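Across the two complexes that follow, subunit A remains constant while its partner is subunit B and subsequently subunit C.
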Partner chain A sequence: MIYEGKQKIWSDYQKEIPDDHWYYVRSCIRQNFFPASERMFTEITQKVLGKDVYETPYHTTCGGIAYHCDTIPQETVMTIVARQFALMTEAGYENYCPSCITSFGNYAETLETWREFPELEAKIRENLWKACKREFNKPKYLAHSSDLIYHWREEIRKRAKHLLINQETGEPLRIVEHIGCHYSKMFPHKGVGGAEYPYVLAGMVESWGGQVIDYPERRHCCGYGFRQYHAKANRGYSLSNTHKKFESMEPYKPDAIITNCPGCPYFLDRWQYVIAEQTGKTYGENGYGIPVFTYEEIAGLVLGYDPWDLGLQLHQVAVEPLLKKMGVEYDPKAKYLGLNKEDIMRPEMPNSIKCC
Partner chain B sequence: MIDFGFTLSKSSTVDLNKVDRSRYDQLVKLVPTARMCMNCGSCGATCTVSEYKGMSVRKVLTGIQRGEDVRPMLSSCMLCGKCTMVCPRGINTRNLVLTLCKIYD
Partner chain C sequence: MKENVVIIGGGVAGLEAAKNLHRLGYQTFLVEKNKKLGGHVATWHKLFPDMASTKAIIKEMVEDIKDVTVFLDTQVKTIESAHGGYQIAFSNGVNVHAKAVLVASGFELFEAAKKEEYGYGIYDHVITNADLEAWMNGNKDKRIPASPKAIGFVHCVGSRDLKAGNSQCSKVCCMTAIKQAIEMKERFPNAEVYCFYMDLRLFGKKYEDFYINAQRDFGIHFVRGRVSEVSETIDGHLQVKAEDTLIGRPLKVQLDMLVLMAGMVANNQIKPIVEQAKLEIDSDGFLKSSDNITHIIESGRDGIFYAGACTGTKTVPETVAEARAAALAIHDYISGL
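For the complex of A and B:
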């Protein structure tokens, strides 16, 4: 695509993101896969940037996984969503920020459905009242947590200790940005930059000194796709999706992948091991894979946090090649030490893909 | 190799830079109207043997553009000419099938 064309699309699809006072809700699965990412979001927003970001322990799943696996109907999902909005209203907030891309898509779909069918909204309000005697206001602004980091990317840049620049060559690091499908493929105007070339992660990469790679399967699914993975009979399809993406990005020699969805970093990271086991092929340099990060992890590295405090030792693909390129200092011996400096044990190393 | 219980599926992607399109190129030289096909499917809808043998001039044209072997479809054609009568672009489909048979010979 022509760069000027992207600029036009990006200027057409901008959304208003308030600068403060956000009600933050966590993902069901991110804390298991990449445990420090959400903690890093609250650390950066509350402590580094001094923003008002509130969260409550009463928040539950949004129902998105069950909805996209076709196991619960939309009305049930909408009632769950209504309860989350009620919690936000009770806490006195108007700006809603989910950490999960599928949740974001789910909230956007619910709000759009209610806008089109107000009678359905009335019915859901009644359902919620009958179920738990709660009432709610709809959020004034809905933004994904990556939208907020995008919004504050220049503030992060001002505090940066490391940039996405190869310290040996001085060249920008070559970064693949992968956006979760539910971010803006359903409602392009809800995402920063639209559906075809969302700017949310590209903006972060450019601000922090990296170079975004454009490759043929850039907008292809990561492979998760809910039923593609959850039904074991379909898992070969999930793996093939990821394989297709890696085959497409390989000639561009990416240094890292940055993602903003709970499932994408997991599948782009773990499937590299499975592909290596099945085909013997690795996509990084010298037998390594391409390291995959969440945007909070990259923001944490840029701000100078210790890589092991960011939970990078839990990645399947070794992150050390990127840390060396960025010039991030790390202690290899501390990789498998927990917060209390006790050994958390080492995983078994695969033979097919090189890990540190 | 570890058995995960699932494997990579073969990609169904057609890479037009890699397939053999020589037969299609020969065909359009001999029957230039082959280029006029708009893939409407009228030929397949009216074809007597389509239901039994999967014959369709539309599929034949798509197949040779993708470098596929379309001879099984060609051999089932009875040359009745009904597809020629219904083609909205006026392509002489019967001539097209006969020419393609000669190209394969």
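For the complex of A and C:
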């Protein structure tokens, strides 16, 4: 592997990311899957870094899931997108930041389509006006929320309480970075680092002391793939995709996986349990799985937040092995206490994959 | 000596035209931007279909122009229409008034790193067709393993690829891949050799014979399908994914090295001359001829002619034939025929 070759590509795919004043929209599903990630994003950006990141409860789905499941016409999706832009415009912002990778791809695709076909944009403006009497400006800048954390990664490093370094050995932790398919595979220039060797997560890992692993199936889908999972008959295909990735990354002995998509951490996390139940095989050390994180969770750990405040108790694969390697202190007894310190009950322990 | 003629480019087109113009009695100036004559062909090892040594061919061509004025490591600085010809200033300080100019500026190799999915410049054992020829010429290349057991060739890298901005077929890559595959099989008889192709364009004399030999006598595997991605395994091998469209299934193979058949693209270094001489660029980026059937060597401007791959992708025999035709056309033009 020629690292300088990757650096050349990374330098070719940099995007302009304004340093402040962002209109933030949450994902439909992330708050259910990894509930503290988006809250941690606003916590880090607003409170730790002091940035103007605005959000409103009036935004809706972008329609991306239905679009990629082929159950909704593109014009309908575009009208939903237009309404989101109208909310941004009404709030006085021009930099748009979605939390969801599919939304990011959806917005990028919509803007590119309007650029190619201005008559379609005019029609969508008319649709929006007829539907809810709103008007909108197109965003001046579009960035995924992982782009922003990438942009501010050195600011986070300056405030770091823990690094991605094994406290026992002093070696960098070995991190698999997994990018959501809709981040840059459709429009390579919209993503930091492009489509083939994305740098958005790799840059965070490097800044925070870790070592990025490149393995043969790095580019492969996490297994979600929308219809691979939502059509129940296809779920074996979803699982086999995930299985392929883990078989490929296993020889590199990764300490953790970092992701930037709503679906990827969920499937990489949950399917490890299913693979273990079906085959008896686990991919981490000593019968554990490989812990999977969102970039906000990793940023939170680096900044010294309590792992249970980050919602890490809701992961299927135990996160404790990574916490120990990073030297993060945690109270095992507090793992299943809610914010009000009351017991939120314990999950049933699986048979084949070790959990704490 | 008769009138001055300037030839821009010292590849096979420029060399062949210089020889013929000199024989016709013209004061011929050959200007080459590099320090050696021979262009791309001089960097090659052997040429199909005769497996002829390029070293011998270029040596003979250079000997044939020993009485021609050659400026190496020199470029055209300015070119202006003047006194029924062209006033040309070279970067070496020489000025020449030429009655006619022959542009033989050739092509550039497609930059293989632009096809990021193949990992040229990223993975340790991915090389180009040009790298392989240089290695066959004796240059050391640590990207080529000492005894590879599996070798792949990817056809059409940057050719017939709208995403890469090139719609043209490079004409020679199919045959070059087959030639190089056979050469590697001869050097490494135990290696499995794969050619990944879109379709094989084997139009020239004996090309089809090479293809048959490659399959029948050398056991080279031809896979009709495009490579989708290349990655590196933990032990430094290459994992190549492709689609085999003949059996309708995806394919994954582990290789020790991969050769990218980088195609021909227009030579952008000629652009300042194009602008000054008010020449036209065609939709494929190459120089635009008066027409592409009977006047391909004519620029449409009085006294400026073309030869070789400056107007589009060409084989060496086509280039040599065009160079001779261009020399004769210049003679006719100056003679007022």
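Criterion: the second predicted complex is superposed on the first by the 355 of 356 C-alpha atoms of A that agree within 3 Å, B and C clash if a C-alpha of one lies under 4 Å from a C-alpha of the other, contacts with A are read in each partner's own complex, and residues count from 1 in each chain.
The criterion applied here is as follows: contacts are C-beta pairs under 8 Å (C-beta built on N, C-alpha and C of every residue); 3 or more make two chains touch, one makes a residue touch a chain.
As the structure is a computational prediction, the values presented were derived from the model and not from experiment.
Because the two structures share subunit A, they can be overlaid on it, and in that overlay subunit B clashes with subunit C. More residues of subunit A lie in touch with C than with the remaining chain of the pair subunit B and subunit C.
Legend: residue contacts after superposition of the two complexes on their common chain; A:143 is shown touching neither subunit B nor subunit C. Judged by the touch definition given at the top, the superposed model places A:173 against neither subunit B nor subunit C. Of the two partner chains placed by superposition, only subunit C is touched by A:219; subunit B is not. Applying the stated contact rule after C-alpha superposition, one finds that A:301 touches neither subunit B nor subunit C. Of the two partner chains placed by superposition, A:290 touches none, neither subunit B nor subunit C.
With chain A used to align the two structures, subunit B clashes with subunit C at 207-215, while the other stretches in 45-53, 153-161, 189-197 or 207-215 stay clear.
According to the touch criterion, subunit A has no shared surface contacted by subunit B in one complex and subunit C in the other. Those residues of subunit C that touch subunit A in the shared complex are 113, 116-117, 119, 121-124, 229, 231-234, 239. Looking at the complex, you find that subunit A touches subunit B at residues 232-233, 235-237, 239-240, 243-244, 274-275, 277-279.
By the touch criterion stated above, subunit B contacts subunit A in their complex at residues 1-2, 4-9, 11, 13.
Only residues 1-2, 5-6, 8-9, 194-197, 214-219, 251-252 of subunit A touch subunit C when the two sit together in their complex.
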